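A, B and C are the chain letters, set down in written order, and residue numbers restart from 1 in every chain.
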Amino acid sequence: MSNLLDLLVAGLATGAIYALVAVGFTLLWQTSQTINFAQGEFVMLPAFLMLAVMHAGAPFWLAIILGILLSLLLLGLGFKLLLVDPMLRHGVLPLAIATMALAIGMKEAVKQFFSAEASPFPSIVPAGDVWVLGRVVSLQSLGVLALAIAVVIGLTALLNRTSIGHQMQATAQNPTVARIIGVPVERMILLTFLINAFLVALASLLITPIYLAKFSSGEVLGQAAFIAAIVGGFNQVRGAIAGGLLIGVVDNLAAAYVSTQYRAAVPLILLIVIILFRPQGLLGRPEERTV
Amino acid sequence: MRSGIFAGLLLATVSAATALAQGAPIKLADVAELSGGGATVGNNWKNGIDLAIEEINAKGGVLGRKLEVTHADSQSNPGVARAQVQKALDNEPYVLLGPGYSGSVKVTSPLAAEAGITQIMGGEAAELTQGGNKFLFRTSFGQQSSMPKVAKYINDELKAKSVAIVWVNNDFGKGGRDVISKEFAKYNIKVAADLSTEAGQADFAADVSKIKAAAPDAAFIYLNEEESARILKELKRQAVAVPLVGETTLVGQKVVELAGDAANGARGHVGLTTDAPVDLVKAFREKFVKKYNYVPDHNGLKGYLAIYMVKATTEKMGKVDAKKFADTLHGLTIKAASEPGILMDVTFDEKGDIDRQGFLVEIVEGKQVVKQVLPKLN
Amino acid sequence: MTAIGKYWRIALGVAVIAALIIVPMNFNRYGLYILSQWAVMTIAAMGLNLTLGYAGQVSLAQGAFVGIGAYAAAIMTTQGMPLIVALGVAIVLCFAIGWILGYPALRVQHHYLAFVTLAFSTLAFLVFRNEDWLTKGIYGISNIPRPNVLGFATNRPLPFYYFCLGSLGIVSLVMWWLIRSPWGRAFVALRENPVRALSLGIDTRRYTLMAFAIGSALGGVAGTLYAPLTQYIDPVPFNLSLSLDLLMMVIVGGSGFFFGPFLGAMIAVLLPEWLRFTQGYYLMLYAVAVMLLLIYSPTGILGILDRYLTERRTKAASALRAVAKSRLETAP
């Protein structure tokens, strides 16, 4: 039993990471039908940007600020202007393929210009442990969980309480109508890209101390986030959060109680089951059938 | 395609022309995991090679001829490795270097043997040198020679009766796990938990809680450096107190750097490490860090040694003769006193396996401390 | 004009086929290996092109089907069975698995096939790796024999290349026939306008499933050639990235164009080769090249050609119209 609690806590901590990455994923899908296969690499890159700034001699806090700004510039603005905008009108698939190429390019660039080695990364959360309900929990895990929760609250508030949020929702639901009623659709789409860039930079900052900075670390993460987004509901922010947490927990329980060799299979089987019985995802709203 | 061949021909003609002029470069071909899952392995190997060649060429080369290497990327994929090795062999190199992944070695070694070209590689799987291939040489201990030492230590020193094995599910990890399981069976040591993990795995909570539940006398951990660091952190967090034993990848400097004080107490057998208490190895490490700005793992050492194997063998023959290379290297002992680049005395047997000093080390307060030197056998 | 165009096309086709047969004769082993690889990948990509380009469904498991075919070939031929039997098994197996996978996914909505196949791709990899008794796990299967075709041994690189090329030729002919058959027309009708296809009485789900299952079976065919090509297989090459690579080949070449996979596979196999002189930068340049191409022409390379030809045709047509119009105006 105590074992189970440990696993749950650990699973939630990992799941919170998936959730953070999955949220950005669903945001991009909702506002601009972008399936970003480079989302994992988007989380990998900011840590290297920060490390690069630190190597240039800047203190950690400055590296964080510059790293986030650079992420907004490259992964938000740059990604949208250089890749998404020219391709969007041609449909979902060519753009999705282009993001696959982008993922390869980003990995190779980091490997070539930085290092093929893993580097340690300083933690903003102190490395200690705390006792919660008689269990040892690392502060880092708690930090990630807390941030994930803060993001959900923040994003939900932004989307539901502010006029910008309402405009973003309108854009996501029906851009044509939104444009007619005077929503600056373009600006709203840009905003979601910036939010995504900000989220991946935050995720990068939080998880790199645990995952280590490595050019290939986005692969596992990107796929997990993708699965989390589908399981939770591709068109809902809270769906992505729920999906992320669920995948994290299921993964840990599978490794403990099913088979370590097949642990990666269990979330995938969950995915197939969900598609069979609740195709819109756990918390998603059904989309109209295309056929 | 055609233009590539044309360029190749042109290059060959040009280099043939310079060959006539005076001591043409000796051509080596390297095929390694420069991208994909094995990129860390391959890039360390490549950097080690480049460093050794730079040193040797700065001192006038081998028998007055410079060394020259071409690097090709196997993308960590045996199919691509085969293509690249085929290409390298078509250009008739003096010696073939790499690959590092055992699967890629397995698919390429018949090609090199058929061409009569010596292949010096980084793979550690036991079976590689057991197929009677006369052209294949290791740069490090195969698992068939390192694992018995670890098992003996667990039995004799730790007096363990049950062990948990944690291994990474690729050819490296599975190979080590299979060999050591047999060794444990010989000592009647029970395997209390047999845990496979994924390369690149970040979350070891479930694995560690399984070790905890199995309550073994010792845990044998056979993962790559990064995953070793992560599981050490998790073991510490869940306060698992059993002795942790491993190989080079558990007790290297890289692991200490990544895991911090969670690495304390980890111990293991180390065949090739930049932390070896040998002056020449320390000097190598300094040179490497100076050139590349990071501390290499054992793959960096392997690449470096491969080049010095080429040098020592060639000087022994007194001429550059690709056909006689393998014969000369079989049974050859290279002494660090006469060839400092080889770092530690080493002997190659008839199968292409190596015999060299090894160490049993323990991490104490973030430093690797050598507990026991396992001498060279002969 | 069309007649001349037709002759030109036939002449071009004959020239290309002749070149593929004659030119490699004096290639070295490496060149032949790469060309054989191209032929194998083209077959796999053709299968995916049927699923994607003609039926409009995204499959992220083509690499897994190649893996299934490769394992079928490796396991059976190392047991002494002929490759042709393995081929049959691979085709049936991949077709059946494709059907079973596609059935629930297509019940819902079309991008769900992408999600299900994504999951399947990784599941297949895990089975290849974990079921040691069947696949020899991570150690892989070595010494895979090359087949005897009509009494000719294909051990040497050149005969084996001709074997791959011949297989590609047969697959191409079957494909050519298929997309001109009523089935093929139904596939295209589905992609172009599913609602209309439905109203015309086409059972859209069955046809989509059929396209996906046939496409998957072609992946299996490619796999049965891949195993004797490399003569050693382990699970790693058949992970998700192969599926993504194949998808990239189809899109880059031009999905929905018959010759798209030929071009796409050529670029994927040969472009890294041509860029090799750039040392460590070649994959990076490859990625950039793919992105630039897709930005310039989302319909791939053949899309550019198509656009060019259409433009010329419209220009020619409008020129004719202008002439006719001026005649009309000057007539009275």
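We adopt the following convention: contacts are C-beta pairs under 8 Å (C-beta built on N, C-alpha and C of every residue); 3 or more make two chains touch, one makes a residue touch a chain.
Predicted model, so just to flag it, every value in this text is computed and none were measured.
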Going by the average position of its CA atoms, which chain sits the greatest distance from subunit A?
B
Select, from all pairs of chains, the pair with the highest number of C-beta pairs in contact.
A-C
Computed distance of Cα centres, subunit C from subunit B, in Å:
38
Quick one: subunit A and subunit B, Cα centre-to-centre, how many Å?
36
Subunit A to subunit C, mean C-alpha position gap in Å, rounds to 32
At least two partner chains per residue is the criterion; list those residues in subunit A.
108, 111, 261, 264
Multi-chain contact sites of subunit C, meaning residues that touch two or more partners:
129, 280, 283
Two-or-more-chain contact residues of subunit B, please, as numbers and ranges.
35, 37, 169
Which bits of subunit A are touching subunit C when the two form their complex?
37, 83, 86-87, 90-95, 97-98, 100-102, 104-105, 108-109, 111-112, 223, 226-227, 230, 261-262, 264-265, 268-269, 271-272, 275-276, 279, 287, 289-291
Could you please specify the touching residues of subunit B with respect to subunit C in the complex?
1-5, 34-35, 37, 71-73, 76-79, 82-83, 86-87, 89-90, 103, 106-107, 125, 127, 169-171, 174-175
The answer for subunit A against subunit B in the complex is residues 3, 6-7, 10-11, 14, 108, 111, 115-118, 120, 127, 129, 136, 138, 210-212, 214-217, 219-220, 248, 251-256, 260-261, 263-264
Where on subunit B is subunit A touching in the complex?
35, 37, 39-40, 42-44, 169, 195-198, 200-203, 205-207, 209-210, 212-213, 225-226, 229-230, 237-239, 254, 257-258, 260, 294
In the complex, go through subunit C and note every residue touching subunit A.
52, 58, 104-105, 108-112, 115-116, 118-120, 122-123, 126, 129-130, 194-195, 198, 204-205, 240, 244, 247-248, 251-252, 255, 280-281, 283-284, 286-288, 290-291, 294-295, 298-299
